[in-house]
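Here it is, the structure in full.
The letters A, B, C and D name the chains in turn, as written, and every chain counts its residues from 1.
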Amino acid sequence: MQLPTPTSVHSEEESHKIEKMKRVVRRIKFESELDLNFGERVADKAYGQKLLSCIQCGTCSATCPLAHYMDYTPRKIIAMTREGFKEEVLNSLTIWLCASCYSCYVQCPRQIHITDVMYTLKREAIQMGFHPKRLPIPILAQEFYKRVLKDGRNTESWLLVSLYLRTNPFIMLREAILGLKLFLRGRLTIGREHVKRRDQLHTILEHKKGEAPL
Amino acid sequence: MHGNGHNGTVRIGFYICHCGHNIASIVDVKAVSEYIKSLSGVVISCEYKYMCSDPGQELIQKDIKEHSLNRIIVASCSPLLHEHTFRTAVEKGGLNPYYFQMVNIREDVSWVHTDMKAATEKAKDLSRAAVQRVFHHKSLETKHVKIHPDVLIVGGGIAGIHAALTLANAGKKVYLIERNPTIGGHMAMFDKTFPTLDCAACILTPKMSQVKNHPNIILWTYSEVAKVDGYVGNYKISIRRKPRYVNEELCVGCMDCIEKCVYKEGKTPDEFNVGLSKRKPIYIPFPQATPQIVVIDRETCIEFKSGRCKKTCVEACDRKAIDFKQKEEIKEIEVGTIILTTGYQTFDASRVPFYGYGKYPNVYTSLEVERLVNASGPTGGELILRDGRHPKTVGIIHCVGSRDKNTNRWCSRTCCMYSLKLAHLLKEHTDAEVYNFYIDIRAAGKSYEEFYDKLLDENVHFIRGRVAEVSDWAVRPSEEGKLIIRAEDTLIGIVRRVPVDMVVLAVGMEPQADSQDVRRMFNISCSTEGFFLERHPKLAPVDTFTDGIFIAGACQGPKDIPDSVAQAGAAAAQALILIDSGEIELEPNTAYVVQNECSGCRTCLTICPFTAISRDEAKQKAFINEALCKGCGTCVAACPSGAIKQNLFEDEMIFSEIDGLLKMESPACC
Amino acid sequence: MKYLYYPGCSLRSTGRAYEESLLSVLKVLDIPFEELNDWNCCGATSYVSIDETDAFALAARNLALAELQSPDGTINLIAPCSACFLVLLKTERYLESYPDVREKINSTLDKAGLHYHGRVNVRHPLDVFVNDYGLENITKRVKYPLKGLKVASYYGCQMVRPFKTFDHSHYPETMDRLVKVLGAEPVDWPLKTRCCGGSLTGTIQEAGLRLNRLLLKEAEKRGADIMLTCCPLCQHNLECYQERINRKFDEKINIPVAFFTQLMGVALGLSEKELGMQRLFKMPSLKQITHPKGEMANAW
Amino acid sequence: MPTVEQPKENSWEPRIIAFFCNWCTYTAADLAGVSRLRYAPNARIIRVMCSGRVDPQFILDAFSKGADGVLIGGCHPGDCHYMEGNYKALRRMELLKRMMKDMGIEDKRFRLEWISASEGERVKTVINEMTEQVRALGPLGLPKKFAEWDKELESLEHEINAKGDTVHA
């Protein structure tokens, strides 16, 4: 029997697609690759021993306004955390897309504090250096953290400038017009806000930095 | 310190049970046995694999004879489980059964502890306490109470009906009390039943009319239990018969009066159709209502509101059955046993605001849909939505008010199956696309899984995901004018928006709103969620902790029809055991007054909740009526001169138990 | 009862109009308040993403300062920004519910000579106006009923979740009730509490813009003339990115987004300046708002 | 697993005597067993028909013989199998508490709890809690105190007698 011969040459797009399909990815998980009590440790840190009682109903994903853009739905994050898929979880975009709207937290039929779980995962990812270096969300968090640590208050204009410098300076051009509009309406200030008793603040925040990573 | 005094020489036999591995894996039974052997009065101390088995019991009997034992102690499971077994064995061995004492080293020790050393020490302490206690045991006579042969059944749903017929067919007189105007309960409202799809009315109504016509059943509908007095075998019950303003003897259910009512159209939401239709102030709940007698609703009848109605209903009745002056009536009856079949209520769907019940007209509860697809329902079985449309797509949301810590924690057990049934019926009636949104499908019953298979073959959609929201928020033209269901399809791992015309909420089952009042009235317990508590979750599923009172059906927990009927039969059988044996043995744990120590101070008189204590004015002494005493011992603890004693729980026995528990120091305790 | 007022960072920059209008309304209603001395940033959602102890300590400093400033009784601390409101509330609640957290944070505060005893009640101004001052009293003070104005109340997320304080977590009605009292007509819509994405507009902008687009379109579709918010970040997102959303997704969205306190001020007869109206990108068209006698509302 | 499960070698362990009513709390303890809940092994249960049967003397007796804590478990108010035995118990125990205070027995050594037949979990919680509370208080050691009091009384008596002697003399 003879195979049909291709009648036309592949378009470039098509051959690209074929190449992509041929690049097989191994999708299997060996128990030895898992961190088996990762779930319990996260639960402990996130006020959520209840994490383990998840029944995988998906209410969190369905109520999440950002689930459409996540690489894993929140439900999957819980399942993966519980089962010890630490690397996948800490590398996921999901934890950074969580905007802390607490919709899942309120609706979860098992009353799991999902938002707190996400915060815990964010902290772990930062501490262990899992996130991509120029992903803006953790950078924003870090810049914000530094600014407030220093001044006690946040000045939005300064925060945004440092964010753009560390991620993509070209965005600054895009945002300049909006910035100008805000500035003209007195909604962006140049002077930096700060608390009077910075010493007191620093004493409070000067405890031993960082808790042991999970 | 414990002389055997008037009891003669005390010769104790101590037996410790391995209960397979249940006890022996945590308690060093050998060590306990050897330790007990060293105590004074102990003649025999040994261990055995299963004391409750026949050889175990025979061992006791043999030893009693061979070693002239006069006290027996078994350390095994809870006395609530096997005390009776061992007492009987002791009696067969020729010893008075009340010389027996049981030590609980399973439920109280091996099952709740993990440290072998601590558990063994605790078992020793408890056993030693029993050894010291039995020195004070006495020979007692078992109390017997006669059982009145009549039975009260509360609640006329399928469970109550089945229990009533079972007992009546066995020749017993049954009072069946129902608070609604008709019996039938929830089952009468259902359209078809799963998994067989036979029509609920077709299988229920024959049983309803059997109840009505059975010579052994006295059926009182529109009635409630007002008061319960007495005890097993001798309950005195007051029944409140609410006035229906229609003479039950005269009414033949012709319904002419209903037609002639001054209201041309019904104005009040019809209870039977869950508010989907309206009824008049004078009505009959549904065509096959039993008894077939009309009832007048005082709240909505003009005559009661203004006293100036033309009373066309009275004119219409040629049997002169309507009686506006009818009064509430209290009936006193005596029964020996009681079966509670008070059923359940459905979850109020508006408690989950995310699903839009009460906000979007085309969101229905499952019970409403039962009526909607029923040929005798408000639309004659045609599926017309509240906005007049016929649905082309339907979404059924499972677990509404079930498996949710924010509402009800438990699984309601029936919703999966009735949702499958409704999916089938809706498809059959409308040929609509039907989507089931479920967390898990629980089809664990005879032929249930096969029914699920059938639905899959019918191409009903099954999306595994709990719905987060039902709304009218359309983001695509195809969604305009629809209700949009948002859920994650967890098996595919993506959030889906499914636009539908009709949403069915599979509401769960919960305890009746007044279940706490009812259980207090009958002096039984409830589980934490509010369902009536059975005596043992496995071995005594229809008994309660109050002798002579049984439970069946959904008042005990969510249940479908077959399970309710099975329980009702079981409860009837339990009642029959009591009735046919004619009497029941009661613990001889009654209190008595040691006459020459009584100072006649009257303290005990007011304390006894059963008025079992009276005062002999001539002798100036208290006197306890043994038949009325239920053995709580409250008077014993209250008597200032220590003149009242309680059999089986005498002060000396408890003091010696305390001694036994504390006298020796053990590693776990010191 | 005197309230303590915690402005938060945003009310000093992008949300200035919120502060101006809020303070003007408090004054005109004679509700006594004073600003919390030397308050610091609440930490928002970022702080807890880095270090939880720091996040709680930072927020708790404000609570401890409030106790210093108001030595007796329960303190009602007004936090107008939803993020501040929640962070302060969550700190207060978690310190109460988890003894180990309380201990840890207080030992941190102690080092700086501060301590939190649990006397602070964190309040949102919406709650204060509607439930403390009362709708009936507001009715009496309305000078220019906002007749015919259709308002979509947007509550956002953190004011109503996760803690149940004064309204439902997904279907709140407090602002709608207030709007009615002001003479306007609340629009019932299903996205009242759907998240605007918060800081996503600044980080992963595509996601942020999409969320805001959905909200704006639905409000317009339901016939709203104006959207009202109670959070500076929501207001910023919904207002300032409209043009970009229109360009990117080929939409024609055009709806004013104001703070609820601004609209309150209008009905109460305050001037444009007092309410920071000039700071908005798009002025609400309020021509129809007239005094029963035919007189136009102040500067409108 | 609760930490209270491991009694250390030769270290002091609290001894708690528990009086449980047959219908509610004793049944709840059975349920805890059937449910395999794990709790501290420090309590020893004595079954009575009703919490109303618990004579204050039982409690004092237990303390005087070396118990470090006493727990009474009865049905919830309104749920008593015998109508109101638990109310009687409550009234009695309130009085007893005052008396115990005078004797120097701390409040936390004595506890009256309503635990219904379905609350197996509560049995676990209460016993664990009480064990920890009593552990924190340390041994009560009433028998030792009694011996000391006896000694004091004896010497007092001796003194008085001696004085009496002198007076008489």
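Everything below uses one rule, namely that a contact is a pair of C-beta atoms (placed from the backbone, for glycine too) under 8 Å apart; a residue touches a chain by one contact, two chains touch by 3 or more.
In this text the structure is predicted, and so the values were computed from the model without any measurement.
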More contacting C-beta pairs: B-D or B-C? B-D
So, comparing each chain's Cα centre against the centre of all protein Cα atoms, which one is closest? B
Approximately how many whole Å separate the CA-defined centres of chain C and chain D? 55
For the pair chain A and chain B, the C-alpha centroid-to-centroid distance in angstrom is 51
Centre to centre, by mean C-alpha position, how many angstrom separate chain B and chain D? 34
Quick check on chain C: which residues sit in contact with 2+ other chains? 170
Set of chain A residues in contact with two or more other chains: none
Would you give the residues of chain B that are in contact with at least 2 other chains, written as numbers and ranges? 354
Residue numbers on chain C that touch chain A, as the complex places them: 9-10, 12-17, 38-41, 43-54, 57-58, 61, 94, 98, 108-109, 111-114, 157-158, 161-162, 169-170, 193-195, 197-200, 202-204, 206-207, 210-211, 240, 244, 278-281
Would you tell me which residues of chain C are touching chain B in their complex? 168, 170-171, 189-191, 214, 218
Listed in rising order, chain B residues that touch chain C in their complex are 353-354, 471-473, 475
In their complex, what parts of chain A are in touch with chain B? 55-59, 61-64, 67-68, 72-73, 75-76, 107, 109-111
What residues of chain A sit close enough to touch chain C in their complex? 47, 65-66, 69, 96-97, 99-103, 105-106, 113, 115, 119-120, 122-123, 126, 136-138, 140-142, 144-145, 148-149, 152-157, 160, 163, 178, 181-182, 185-189, 193, 195-197, 200-201, 203-207, 209-211
